[in-house]
Structure formats: structure tokens, C-alpha cells
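Note that the chains take the letters A, B, C and D in the order they are written out, and that residue 1 is the start of every chain.
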Amino acid sequence: MELAKKYKDIRNSSMEMVKPLMIEDYVLQAEIFASPPKWNLAHTTWFFEELILTKFQKDYEVFHAKYRYLFNSYYNTVGERVTRPNRGNLSRPTVEEIIKYRDYVDNHILDFLNSNNINKEIIELLTLGLNHEQQHQELFFSDTKYNFSVNPLYPAYSEKAFCEDENETKNGFVQISEGNYEIGFNGDGFHYDNELGHHRVFLEEYEISETLVTNGELIEFIEDGGYDRFEFWHDEAIAWKNENQITHPMYWHKVDGEWHQYTFAGLRKIQTNHILTHISYFEASAFAQWKGMRLPTEFEWEAAADKLKWGKRWEWTESAYLPYPRYKKATGAVGEYNGKFMVNQKILRGASVVTPKDHSRKTYRNFFHPHVGYQFNGIRLVKL
Amino acid sequence: MELAKKYKDIRNSSMEMVKPLMIEDYVLQAEIFASPPKWNLAHTTWFFEELILTKFQKDYEVFHAKYRYLFNSYYNTVGERVTRPNRGNLSRPTVEEIIKYRDYVDNHILDFLNSNNINKEIIELLTLGLNHEQQHQELFFSDTKYNFSVNPLYPAYSEKAFCEDENETKNGFVQISEGNYEIGFNGDGFHYDNELGHHRVFLEEYEISETLVTNGELIEFIEDGGYDRFEFWHDEAIAWKNENQITHPMYWHKVDGEWHQYTFAGLRKIQTNHILTHISYFEASAFAQWKGMRLPTEFEWEAAADKLKWGKRWEWTESAYLPYPRYKKATGAVGEYNGKFMVNQKILRGASVVTPKDHSRKTYRNFFHPHVGYQFNGIRLVKL
Amino acid sequence: MELAKKYKDIRNSSMEMVKPLMIEDYVLQAEIFASPPKWNLAHTTWFFEELILTKFQKDYEVFHAKYRYLFNSYYNTVGERVTRPNRGNLSRPTVEEIIKYRDYVDNHILDFLNSNNINKEIIELLTLGLNHEQQHQELFFSDTKYNFSVNPLYPAYSEKAFCEDENETKNGFVQISEGNYEIGFNGDGFHYDNELGHHRVFLEEYEISETLVTNGELIEFIEDGGYDRFEFWHDEAIAWKNENQITHPMYWHKVDGEWHQYTFAGLRKIQTNHILTHISYFEASAFAQWKGMRLPTEFEWEAAADKLKWGKRWEWTESAYLPYPRYKKATGAVGEYNGKFMVNQKILRGASVVTPKDHSRKTYRNFFHPHVGYQFNGIRLVKL
Amino acid sequence: MELAKKYKDIRNSSMEMVKPLMIEDYVLQAEIFASPPKWNLAHTTWFFEELILTKFQKDYEVFHAKYRYLFNSYYNTVGERVTRPNRGNLSRPTVEEIIKYRDYVDNHILDFLNSNNINKEIIELLTLGLNHEQQHQELFFSDTKYNFSVNPLYPAYSEKAFCEDENETKNGFVQISEGNYEIGFNGDGFHYDNELGHHRVFLEEYEISETLVTNGELIEFIEDGGYDRFEFWHDEAIAWKNENQITHPMYWHKVDGEWHQYTFAGLRKIQTNHILTHISYFEASAFAQWKGMRLPTEFEWEAAADKLKWGKRWEWTESAYLPYPRYKKATGAVGEYNGKFMVNQKILRGASVVTPKDHSRKTYRNFFHPHVGYQFNGIRLVKL
């Protein structure tokens, strides 16, 4: 059965991903947002146990009574939970116990898939669970990079740096003509509720860059005093810069007069022709203004997507994360997936070098607060 | 000359407004956002001195060398300034000295208007300065209400409560049909740069309420457990509610089992048929979800405006404060007026009972952070 | 009657003290610790009303029912109160109303003193109330200096700087021989409960300076890198210095390369032969270590007091604020006067240029947290 | 050689102690004060490397250049270091690497001890290093207990609870007569600089309890409303209680109406006749006042020590941590051991169930901030 294969594949990917880690690495949570790998492995498992097995499999016995509490992330519907800042304070269950938990739940899910009790609702929840796990696979990479980055030893996760890629196309702009464009998901496959409400948006003519901003361009911005020139920055960005003493992108270090960046292969000298990454919206917006351009809206991005090469960086847009027309939250825990985050966040479009295969589409709406730079994101510009 | 008359009228309004105050009241800043009346009177004056007199009037001598520093609000272009939280820590200059400052600047401006040196740029700056003063007149009311509200003596500003008004129309909904609508300012009069970029927006058909939400409806929400039912609230709203122990609208007090609210006439019993006010976006959004409806977008609001009675409350919209197409900041201090605030804020449309006459139009975009309730704002709903 | 005269004298002193203020000045609370003059005038009045009139005068009607709540400082016994940070947020009652309140209470107290109902307990409470008022007179000076100091206009309170005095004696040390010394209050006059528990303390021989440290010596300390040399500082002092960027004493400003200090006469150039003031214990201790000396204990100070000229600065000691032998808190509100502060504070001995006449004695124990420098305090050294 | 044997014994004890841990447990730092076991093992090793090997052993090559930075605790003399809150964010070096580091340093130290280059200074530093390691052994227990306690699984460290012991003596008081007593260290063995300055202290007659306070007595205090009755508490204690919602001792949980406490053997029902532990000074002081007694001063404790059975709990005293007469900091890193902490801390005397053997004496001065309860401490009372 295809779904069982898909289940096994995606669940295995999570275990592949953590192979380079030492046991000690699984416990880290260097900042609130960067959940421990251990927690990620358990939480994705909990999702299948809580939303499928305990609901639909007769006489299912949970692996451990307290895991419901320990590995719930933010679902108020499900009940109390360990607060996010405390995830890194739990050494138990150990990694070994969590792997047993994964095996236990996997066996039950696969048995369940072989039974006759599978209906459309369950298939949808399972598919949601797998997409949820893929999101956490991507988060595993950004979280782990952050957790390693604060260690003065600059530990390497792999031989591959993961962010040393060049733009594949020549510098150029795609022109999109004025008109009403269809926006949002309108097909059969998997999608999140925030992509629904397929609707029309009127766009004026615009020109969008074929390439992403490079490290070299960002260095020019720095050298032109860009971080200190308030006229390019939002008022809240200035407060954020001052409070955190931001003078360059995250993970950048000046060593002996040369810019380096922490990568998954350790500290490496920055190449000016590589695509910039780990940038906040605040910086992306200031850079665009300095350049005399602007960021695209998410609608402009989607309308142009088929004409662009994308998939290496999540790309910041000017759009705030808001509901599409006719948006309605689902009831129950699934209803907490998206809607409650629709305030004070910015939309990113595309996908990144650490996005799992088949986990991207042009209608996908990623979202983060404007100061967040620890994703593998980047900047695409539109002419003013 | 018409402009001189307008100048005198608006400047006089500011002085009329403060008449009910005692000298001690001018010094208050009970929270960072609620600037002292004293500071408001001086800051609006500084705007004319700094942006017009020192720039265009030959040999102009500033009233006091340090006022440039003391009464700048947030204009980085102009230089250093007293930080916002410290405005309430300055007893000097005294109210009397600030009134002398106002007279000094007024005399110079009026002389200048009589001279032959007035050109279009100056007229525009002066008009901006007057609109700026009107904005601060409105802020005077919301700031002063807040500053008084924390005093257990509940001081009265006037005999009039300012927020005890009923909806003038029957309960009903206006239906707006699908289509491309013209949005933004497109005429000759005064407007802010954030209203420009006149453009088309495609809207699906919608039905918007003719009336605003009343106190009575909000009481039903409270009594139905609305403040505790997480399914209606944004994630950040829940954090805000918990941190600030929010269980009812701002200025509401339950006295002997009955809801009262602090008004400009002191503490008064709440009337259920009066229009609700002093509500945050977080609460407005939760209320709408509880009601099975939603807030309008700013575009829906503007497209329907001519068919609605509005002007008693600034009305929260679902829209984030973002630039319109072709938006470009001006250079210099004027460029800091709007653009740098275009992140993490929500749009309000309309006008309120404390908005100065002639200071409203249907394209006017007011904006505040989603937790802010101290404006005289309210809720208008759209059917889902 | 002598007590009535004393009452009138001390109450009048409070009104004399505020004469140079403008109405706006009465409202200021630039930091939590620096209560508004308005509040000081009312709180000292409340003390007489609450602890004497409402308790002992038959049929006494309070001036205003809410003042009990508004003007209680920290007496849990008495009930709820306005939190300290909010004292500066109250414009009402106005200064005029507070003066009426003072007159009302004064009249009742004086009538009461003429009645036949005065017993020892009442005389003691009244005496406590007068000493309490004298303490607040001293606080008025340190609070007002602080409240004015944050204003870039550097307002002057008087023509007199209040802290420009020289040591009256030659540089020299008094030698005190080893032995058991009598410590604490042992007479008939007024004293606080924290001075009681007259007891013996064994002291080794020591030599204590006849003079206080001067501005010039502190400048030498600065110029020798004293503020940056961690070896002289407590661990908590380093944290405090870093967090507050402390590089020189409070109220000092370097203007055109020369040290100035904010005084009650405005900003004035520092004279090296004047006695240093406004110094924290942290700085006093670091200075002493740099000098190769130490601060006296409070016992050493008291044992030497009769041989020293003191009274210009409260002098930091090495002693923590702890109970003397046999110390026992009184019951009721009076019991909250001292005992509950006996942790994490340091003892100062002596008196200062702003201490009211007759409000000092050699057994008086003043106390503040080690980072506090806004009192008129100073440094006296002991040889190591 | 005896010193080599002692070195091996104490170093081995540290490794014995961590045997029950899983690798994940070594990484935890659930609060700033509770350093990870991993860090403890490395830091005590660093002490020998930094203060002995790099200083005195010719051509010594450090194990890893960055460990100096990673494992320095608070010695400014030595240079920059990982800030304390970040110790728990370091997964590398792994536990295995840290054990290699220990072996490397141990081998060098033992070789060095066999050489002819050992002088008195080195022996003293080595002895200091071993006492330092013993202090960290004790901290290992209190830190690990804290780190485990926040886990809802309540992991057990051992079968032994470590804090379930009864008073061995009958309820009674020892009477000590008035006189001058000798205080401080005055012999040949190891001691810290803060014990020096052997001196006389005059004490009045007092009666000190032979037994420590039990859980049962603390429950009486709770049931009598002790935690809510402000008259027993310091002002700062009330703020601490409110901010942290303290209503019972640390590690206590009420389960189904019965008091339990988290112990090293997991969650266990509280026995009323066991000696109370994990109590802050704030609570100890409030309890004493409720009981109509007081805490001893450190001088009273020391003067009575030979007549008391002690060693199960560190016992809070009323004394602040202050220098003894003639106290002088050493120069260099050793000088940072004690003196810089002599402000805002309270003295504890005695030793506890987790104090290493031979690491206690009656002149030993332990010290913590008054709110700290995570040590195995307790309460001994003195009659008022």
C-alpha cells in the first residue's frame, strides 16, 4: 500500500537525519525556538499517537501516560503541556527510550493501515501527520544549526555546508503584466488550510528578479553603512538592532578581517557569489530599500513562480500572514495548526535546501516573525 | 488669508482642549504610550519651528536651544531626543513656559505667512503640521483618559462621557458585490503618503454590518466564557491575556456585580445599548470568531464606506499596515512619518468621537499594534 | 506646650522646603525610589491621621476616604495601597488639596494635644510621626535632586549647591584601642527600635580617618582605571556596573574635558578639595580597596564617633543591616518600621547636609542597598 | 606519597558520583545556578590545568586551546569565559572527551607530583584544587537534584533519598554563657581565606537548640497560614514569594491531599519526624519568627559547635557574609575565591548529607543568597 510506504519513508528520513548527532546533541535547546532533536523525534510521534491511534484504534494503549503532556507542542485542545522554554531541561526519556516510542507507534500505525478501519478522515490525518513530520525535519536543520552555532568549538554536522550555492541564472528580471491572478490552492493533493480560499488578486505590472541576493551584495550593504542608516529600517527593526547589537547577518563572524559564516561544515570563509541566507525580514526590507527596490508581495511571488527558479531559500515577502477569503479554522486540534498564528508574522514563499523532497509547492505559505533569521531564507527583489 | 485662519483655529483648539486640566495633570505619563499633555503642546509647536521656521525663515532664532532635543518625538533625521519613557519625568519647562513657546512660534508663523516667501512646499509642510497637530489633539484625549484612569479617584475631565452613544441605524447588513474596487487617495486635498498609490483591489462579494458592536454584545461574549475559550484567540493574544490578566475590556470595572466603565465623566454604569469602545484588535478578532463572523479588510471597509454611517469609532480591520503599490518614503524628516511603522500593526478605518472636525476621510489609514485598546475604537463585523 | 511647638515647627519645615518648587515639580517620580514631593507631603500627614487620629481621637472623620489607600507607603498592617511605581502617576489630589489635607490634620492634632486625652503611647507615636516626617524631609532633598537631575535643562532648586564643602580637619587618623565597646542606644530620648539592644562588641585596635574622601581622590581613582579594574569590585558590583554602564559617580558629567556635577544650584564644575558625595557602597568599597584601606564597621564608627567630626555625609560602613541582640519587632504598623528591611542592606552612620536639625545621633542606623548613591553620603576609611 | 593518594581518591570520587547518570543527564542546566554535570567534571579539571600545570610544569601543552575559555567559571584574572547561563547549551565536548581531558590532566598532575619540582606554593594550590573539587562534588548533588526535579517524570538518581533522616538527640537547648569567644581558623590544616582573621567576639548568654527543625514543624507553620502572614517576613522575602508564588518549601508537592517531596529516590511521601531541608533563608527566618525564636549568628553557632551534633544540613545563620578582621584578598585568581562575594549573602554553618568526607570543620563559612533553597540546608533555632 502506497501510504504505508510513504509513512515508512518519511519516518525513516527523520532517523537518517539525526545519524550524525552524538547523544549529548539531542538534548540542546540553545534558545526557546530551537527545540531539542530529542523532542522533535518524540513530538512528531506523539502527533500520530494523539490524533490517530488514541482516537481511532480500538483498545490502543499509549506508550507512556505522561508523554501526552511531555510532547504536545502548542495544542490547547489536547490539554496541558511542558512549556516551550523547558523542552531543553528534560534529559529523560532518553534518546533510546524515544526511539522505542517511535518503533511502538510505527508498528501500531502500520498495523492499523493494514486493517479495514481506514477511512478518508484517517487518511487525511495521516497525511497531515506526515507533512507535519516533514516540517519538523526542516526545523531539525534550522534548530540544530542554531544549537551548534553558539558553541565556541563550532561543531560540524556534516561535510556539506548546505548553504554554499550559486544562483543558476543570469541577472535579469521577469516582467509580469497587470491583471487579476488566481491565488491559493485549487487541486487535489495535500495542502494546508491556509492555502485555501482560492481567489483572485488584482496586480499592477511588476518586474521581479530572476536571481536571489548574494553574500557579495550584502557585504556592499554593510560597507555602505547600511546597518547604521536608519532611513532604510523599520522603527521596530531599529529597536531590535539596538537591543541585540545587530551589525551583520546571523552566523557571520569577522575573523582576521574577513567575513566567515558558521555552516553545517563548521566555520567557513564567505564566498561573495554564493546566495545569501539566514537573514531576517527586517534586514531583507532594509537591504531592498538601500538597493532602491522592494520585496514582492506573496501574490506577486505566486503569480510569477512558474517563471522563476526557486527552491533554495525561503524568500521573504512584504505580505503579512493573513487569512485568505472564506478562511475558516477547522474544529479540534487540527484547527490550531495555522489560524491562531495569523498576526504579526510575515509570509515566506518557496522552499529551501533543507526542505524535504515533495514538501513544497508554489501555493505553500511559510511564516515567521520579522526578526527571525535562523531559517535557510533569502531575498528576491522587485523593481520599484 | 485662509491658511492663517486655519492655523489659528487649529492651534486654538489645542488650547481649548486643555482648559479643564489642572497644572498637575499636564505632567502625567502613566504609561509609555500616553504622553503628557504638556509634552503634546510643545511637540506640536516644535514641529512648526523645526520643519518650517528654522528651515525657511531667515534669521529665525529658536525659542530655546534645548527644545529641539526635548520635544522631538521620533525623528531620527532631526537628531537625538528625550526617550519616550522619560517625557513624564520633565517638570520643566513649565506649562506657562510652554504656552510662551506656543505664542512665540505662532507669532513667527503668522508673520511668515504674511510675508512673500510662501511657496507650495511651505504650504504643504504647514498643512502637514496642522494635520499633525490634529492627530495629537486626538491623542490628547486617549492619552489623558488613560492617564486619569489609573487614579483611584477617577477624576473627571468633563461632564460628557464621550463614549455613551447608540447606533443610529437598525441592525442590518449592506451587501457589496464582487469586482475590482478603487482604493486609496485620488484627489486634491490633504492626505498622508500612506494613502497614495491609488490602485485596484479585487473583492469577492461580502456583507458588512451597518451597526457597530454594543456593550451588551460584549457582555454576552464575557458571560459565554469568551475570554477563556482559546479557540477564538490568536496565540499571541493568549500570551498577552495571560501576562496582563485580561478578562474584560479596558476601563471596565465590576462594581457590586455590575459593569461600569471609566469615562471622561468619571466611573459610570455601562449601558448595554451603547456602542462598545476601547477594545484591542485581539479582542475584536476573538469576539468576531465567537459571533461566527469576521472583521472586514481595509479594502472591504473602504469599498463599502459610502454606504455606511461611520465616524464614532475607529474600526479595527483584519488588514495589516502595509505599503500600497508604488509606495515610496519621502526624504528627510517627513519620510519618517509613516513608512517606518509598516510592520506588526493593524489598520483601523473611520474616525472617532474625539477626532477633530475635518480630520477624517474614507481613505484615512490609522494603525496601532494589535493589543492596543486605549483609542476610541470599535468593532464592525462581516459575515463569514 | 513644648510638643505642640515641636509639631508646628517640624510640620512648617516641610512647607518651607517645598517653597522653591513649581506646581509641576510636585508630581515628578523619575525613578521608583524618588517619590513625588506631593506624595511626601501627603504621606507624612497620613501617618498622623492613620496612627493617631483614627485610633485615639473620638469621632474623628478622615479628610478623604481614599487617602488611606493613596498615601500608605508600605504598611501591610494598614491594608492595600498604591504601588510605589505609581505614585508619580497621580495628578490628583492636587497640591492645593494636599495642603488642605495637611491643615485639616494639623488642626485636629493640635486640638487633640490640648485635650486631656494625651497619654504616653500617644506622645511616643507623635514623636515617631515627627521623626518620620524628618526622615521624609531628608528624602525630599535626595528625591528632588534625582528628579531634577534627569532633566536636560538641569533646573536649580536653590542658589546653594548643598554639597560643596571642604573637610574641616587636617588629614590624620584617630587610633582606637582594643577592647569591648558599648554599642546601641542607652538613654532617654527618641530612638528607633533598631538602635536598641544596647550591647558590648569586642573590637581590635584600629585607625580611622579624621577626614572624608574628596572629589580629587575619586578623580585619581578614575584616572588610575579604578572603575575597570575588577580586582577592587564585588561580583555583584561588576554586574551592576555593566548593566548600568557606571564609569563615574552619580550626577557627574564630563563637559569639555572637565568634570562637573549636577547640584541643587544646577550643573557646576567639580572642586577637587570638596568632599565627595553621591557614591554607592559598591564604589566606596572599591575605592577603599584601591587605596589599600577598608571601610569601618558600624561598631568601629560608633566607638570612634566622639573623636570625629561628622554630620556632612552619611558614611558607608562595611556592616550589613542586622538586628542587635534581643531585637524584637513591635506589633502593629510600627513594627514594620525597621525589622523587615534587615536583609541585603548596608549600614550608613552619621548625618548629612540635608538631615534636619536634631535628627541625628551617634547610634542612628541608616541603611540602603549597596548600589544606591542618591543620598548625600560619603566615604571614611580605616587602615588595613 | 600521601598527596598523590588523596588526589586520586578525590578525583575518583567525582567519577563515582556520576555513575548513575545517563549521557543525556550530563548536559542539563535547568536553571542558571545548576551547572551541567559535564561542565562540573571539566571545570574542576581546568582548575588544576590552569592554576598548576600551565604555571609550573615546564613545556606543558594544554589538552585543548579553547577549554580555558569553556571551563573557566568566574575568574576574571584568567580572562574571558562562557557565560554561566550558556553552560547548558554546549553539547561538545562530549562526556567521553571530557573524561579524556580528566585522564590527561590527572596523568600530568601525578607525574608532576613525582618530580622534584614540588614546593609549598604548589602543594597549597593542589590542596586548594582538591577542596575546590569537593565543593563541586557537593554542588553536583544539589545541581543534579534541581535539574531532575523539573522533569515531570521525576527521575531517580539512586535508591537512597538522601534527606530522610531523623534528629538523633532529644529536644533540648544548650545554654552558652556570656563572654568573649575565639572565632575563625587558627590551626595548621586546610582552610579558606575567609576563615582567617582569628579574632574575639563578645557574646551575650544564649540558648541554642540541640535539634534541627522537622518537616512536621514546617507543616504546622503552613497550616497556621505562615506563608501568608506578612508580619513574619522580610520585605524582600514578600516580593520573592509573590514573584515566584512560594507557598511551601522547594521540591514539595501536594498529591491527593498529602505532602510529598522530590528526593534522589523520586517523589516520596513526607515524614513529619524527618529533618526539614531545602529551605531558603527567607523561609528559615519567617519560620523562626513564627516560632517566637530566632536564627543564631555565625559566631553563636561556632561558639556552641562542640556541644552540638551537626553535619546533616547546612544551617542558616542570621549573619551576613562579611570579612573577618584583617581580611585581605590574595593576589591573582585565588584572590577571586571568596572576597568578591562578600555582599548580599547569608552565612550557613555546618555540613550536609552530601558534603564529601573531610570537607567540613566548625570554622567553615558557606554562603548563599537569602532566597536560595536548593542546598541540603536546614534550620536550628535560638531562644529570643
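Simple rule for what comes next: a residue touches a chain if its C-beta (ideal position, glycine included) is under 8 Å from a C-beta of that chain, and two chains touch if they have at least 3 such contacts.
Nothing here was measured: the structure is a model prediction, and the numbers come from that model.
Using mean Cα coordinates as chain centres, the one most removed from chain B is D.
Work out the mean CA point of chain B and of chain C, and you get 44 Å between them.
Centres computed as Cα averages put chain A at a distance of 57 Å from chain C.
Chain D has its Cα centroid 37 Å from the Cα centroid of chain C.
Shared contact sites, meaning residues of chain D that touch two or more other chains, are absent. Interchain contacts close the chains into one ring where each touches exactly two others, per the touch definition above. Those chain pairs judged to touch are A-B, A-D, B-C, C-D. Within the complex formed with chain C, the residues of chain D that make contact are 74, 76-77, 180, 199-202, 204, 230-231, 233-238, 281-282, 285, 289, 294, 318-320, 322-323, 325-326, 328-329, 335, 340-344, 346, 370, 384.
Within the complex, the chain D residues that touch chain A are 22-30, 38, 66, 69-70, 82, 86, 88-95, 147-148, 150-153, 155.
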